[in-house]
Structures are given as structure tokens and as C-alpha cells.
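A, B and C are the chain letters, set down in written order, and residue numbers restart from 1 in every chain.
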Amino acid sequence: MIEDQIRALSLTLPAVPVPLAAYIPAVKSGNFVFTSGQLPMLDGVLKYKGKVGAEVSEQGARLAAEIAVLNCLSVVKSIIGSLDFVERVIKLTVFVNSDPAFLNQPEVANGASELLLKIFGEKGKHARAAVGVNVLPRDASVEIEMIVEAKTNVS
Amino acid sequence: MIEDQIRALSLTLPAVPVPLAAYIPAVKSGNFVFTSGQLPMLDGVLKYKGKVGAEVSEQGARLAAEIAVLNCLSVVKSIIGSLDFVERVIKLTVFVNSDPAFLNQPEVANGASELLLKIFGEKGKHARAAVGVNVLPRDASVEIEMIVEAKTNVS
Amino acid sequence: MIEDQIRALSLTLPAVPVPLAAYIPAVKSGNFVFTSGQLPMLDGVLKYKGKVGAEVSEQGARLAAEIAVLNCLSVVKSIIGSLDFVERVIKLTVFVNSDPAFLNQPEVANGASELLLKIFGEKGKHARAAVGVNVLPRDASVEIEMIVEAKTNVS
């Protein structure tokens, strides 16, 4: 069971984040689930605020990416009922709020990618784009969106 | 009829925007329609140019997002023939040309998201990512791309 | 044969780029292939580093976009076995590491888009978003991700 694996990593699936605005956390179409962009929200508090390479360290941003991707999983679960119904993770897009001199966006994104491998194993191997941006909503350090494939016949 | 709803909102579906370059406005694959990134073009003129939080106000940018998302709908119609063939809106990505101190990208993106809800009702509920960037083509304040699901058997 | 066409353009399909991190170059789900973000890597060297409009010229960035999109094709081939199994190119997202005064992201992205048309003809016509960002991994000037539709029954 995937949630057992999350607990075995001493992690907790967060409550489904409330969208900041007029949209919904994720949409399923065919077997694809598209999540909204998720921030490093933990218990309603935005963690690790600021630009990576300036106010936030690379290591802090890795932890922020872990939190954001757990929020992605939480919204996926809210749509398909259980993370056991994930056939595979397809794609992450990781936006990193970056000081212009900070060039290690891939290392930040690894916080999310490595966690997915630990949680899902082979099914967690995904395509990914990591890019820098000059600002993110609420001064978040990281924003992550995810596409997963659900098992067939999951409503 | 969805276009009646657009007119009831005192809005007009713009002419299909001419791509700025060597690509096409949208592609349908399976039941998915992927639009190209759309700018706030109105009657051939780019509206609300500049960085949000500096040259463009948050309210101006919301209006820019409305125009850009109408352009998305226009290109969707050009591919599937009628907006009545939209099964649902799946996903928006909203890039906001942001002054680095501007943190309200979600409020800007709401200009697009709220309009989709008014036009499509339940079918307009979508996943979304809103991110800040330091510059957009032609100094546009907003760029929006959309994925929609078309009804089955729409060619 | 699509690779003959690439050779006829005096171009070479690069070796599959090694991901910078904990992810894989591309994922196939249904008939869709999603690539990871590709940089202008050529023979293991990142070409045309720096901000476009400052350290890198528009023309240099066009060439960088050509290299990056060839890397996209290389990873697509690694997943479906041959570029002849591409039913069509669906979507490009082109991130341009931009000086804030540089507004010609579409012209940069045309380096990739025009090459796809030369290689694939009608099947190469795609939707596209081109956006500016303040920094990219390893100071790359361009990062491109691609979605293609594979022919049915390609494993």
C-alpha cells in the first residue's frame, strides 16, 4: 500500500490543499490526472518562503519540493480515492523561485523526484522539467504540478 | 449554447489569433485539445503590456487574463468546430510577467478562471498553475495555455 | 524515414541525454510521449550558455533551440524505437533564459518549431508556448519540453 510506504518514510500525506483561487485541485480526464500547481503548504502554512539562492538555501528548497509533491499526491488521492490506483507518475514541472545566480534547479527538483521513487518505486519514475522563475505566488520557493496515469477503470 | 453564454456576459469571442511564429494555434490528439500560449490580443492589438505590479495593475492583469483565455477558447473552437463540443476544461497554465515584488499571480489568473466558470459552469472547473516570470513575448503581461477535453466523436 | 530527413538537413540526432537528476528522459502513457525538459546539450557540452539578449544573441538562442529540440527527438526515439512511429508532434513548451529587456521569445522558439516542420512536414505542426524566465539550470539559454503522439500499437 502506497500510504504505508509514505508512513514508512516518516512522512504524512497532508490534507488536500485549498486552492488559492477559482480553480480545483486536480482534474481527471481519461486515465490522466492533472494537478494544479502545488506550493509547499504544511498545516496551512507556506514553508520556505523566498528566493532560492538568496533567502532560501538549496537544501531548504529541496525540502520545500518534498512538501509540494506530497501536496500533489494528496490532491491525486482526492480525485482517484487511493494512491494505490496510480498506474504511474508521468510528469512533474518544478518551478523554482530563483535568485538569478542560482543554477541548481535540478537539485531542488530532486527533492520531489527522489521522494516519488522512494514512495512508488518503478511506478514513480517520471519525466520532468525544472525551470527558474523570478517570483512565485505568495513568495513560495517552489511550485510543482504533476500528471499521473491512473489505473484503468478508476472512476 | 456556450457562445450564447459568452454573449450574455457582454463578451465577444475574438477572431482566431494568428500565431506569432512557426506553429499552429492548437492541436487535438485523442479527446485532448492543447492550445498554444495565448496573449491578451484584442483586434490585433496587444492589451495591458508590461510587468504586473509595475506598469500594469493587478486589476489590469486580471482583464488581460480574461482576454487571453477568450483567445484560448477561440482557438479551441477553431479546432473542434463549436465550444458546445467541450466536454470540460482540464487545465490552465497562467504565466504572469511579474515585477519581482508582485506575489498575487493567483488573483491575476482568477480573471481567466472565473470567466471559465461563468461561461461553462461545472464543465469550466479546471486545474491550474499560476507562476511569475520575468518577461513574456512582446512584453505581454499574461500568457495562458489551456488543455480541454472534447466530447467523444468530435473530429 | 524521418532520420533520413534529419541527415538530409545535415543534422545528427544526439545521443540520449543523461538526465541531470532523479528522473527519466521521457514517459509514454497511452499514445502520448512526454519528454523531460531538454537543454542545448551537444556531445555532453552545454552550448550557448547565458541570458538571451545579454550573453547570448537571438540567433545563438535559435541555434540552442534547435539543439534542444533534437535532444527531445532523441529521447522520444529512445522510448518508441523510431521517429517513424511519431504520429504527430503535439506541443512544445520553450523556456527562454531572458534578459528582462528581451521580448523575442517566439523568434527563439522558432528555431525549434521550424526544424520540426522541416523534419516531419505536416506531422510536425504543433501547439507551442514560449515564455521568458530569469534563469535556467546550468545557465542554459533555452529549455524545451515536448509532447508527441505515437502511432497506435507502438509499445
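As a convention for this text, contacts are C-beta pairs under 8 Å (C-beta built on N, C-alpha and C of every residue); 3 or more make two chains touch, one makes a residue touch a chain.
Since this is a predicted model, take the numbers as computed values, not measurements.
One copy, chain A, sits rotated relative to the other, chain C; on C-alpha atoms the angle is 120 degrees to the nearest 5. Of all residue numbers used where chain B meets chain C, under half belong to both copies. The two sides are thus made of different residues. Put simply, the C-alpha centre of chain B and that of chain C have 24 angstrom between them.
Touching two or more other chains at once are residues 30, 93, 133-134 of chain A.
Residues of chain C touching chain A in their complex: 19-27, 29-30, 34-37, 93, 95, 97, 133-139, 143, 145.
Chain C contributes residues 30-32, 88, 90-93, 98-107, 109-110, 113-114, 117, 125-134, 147, 149 to its touches with chain B in the complex.
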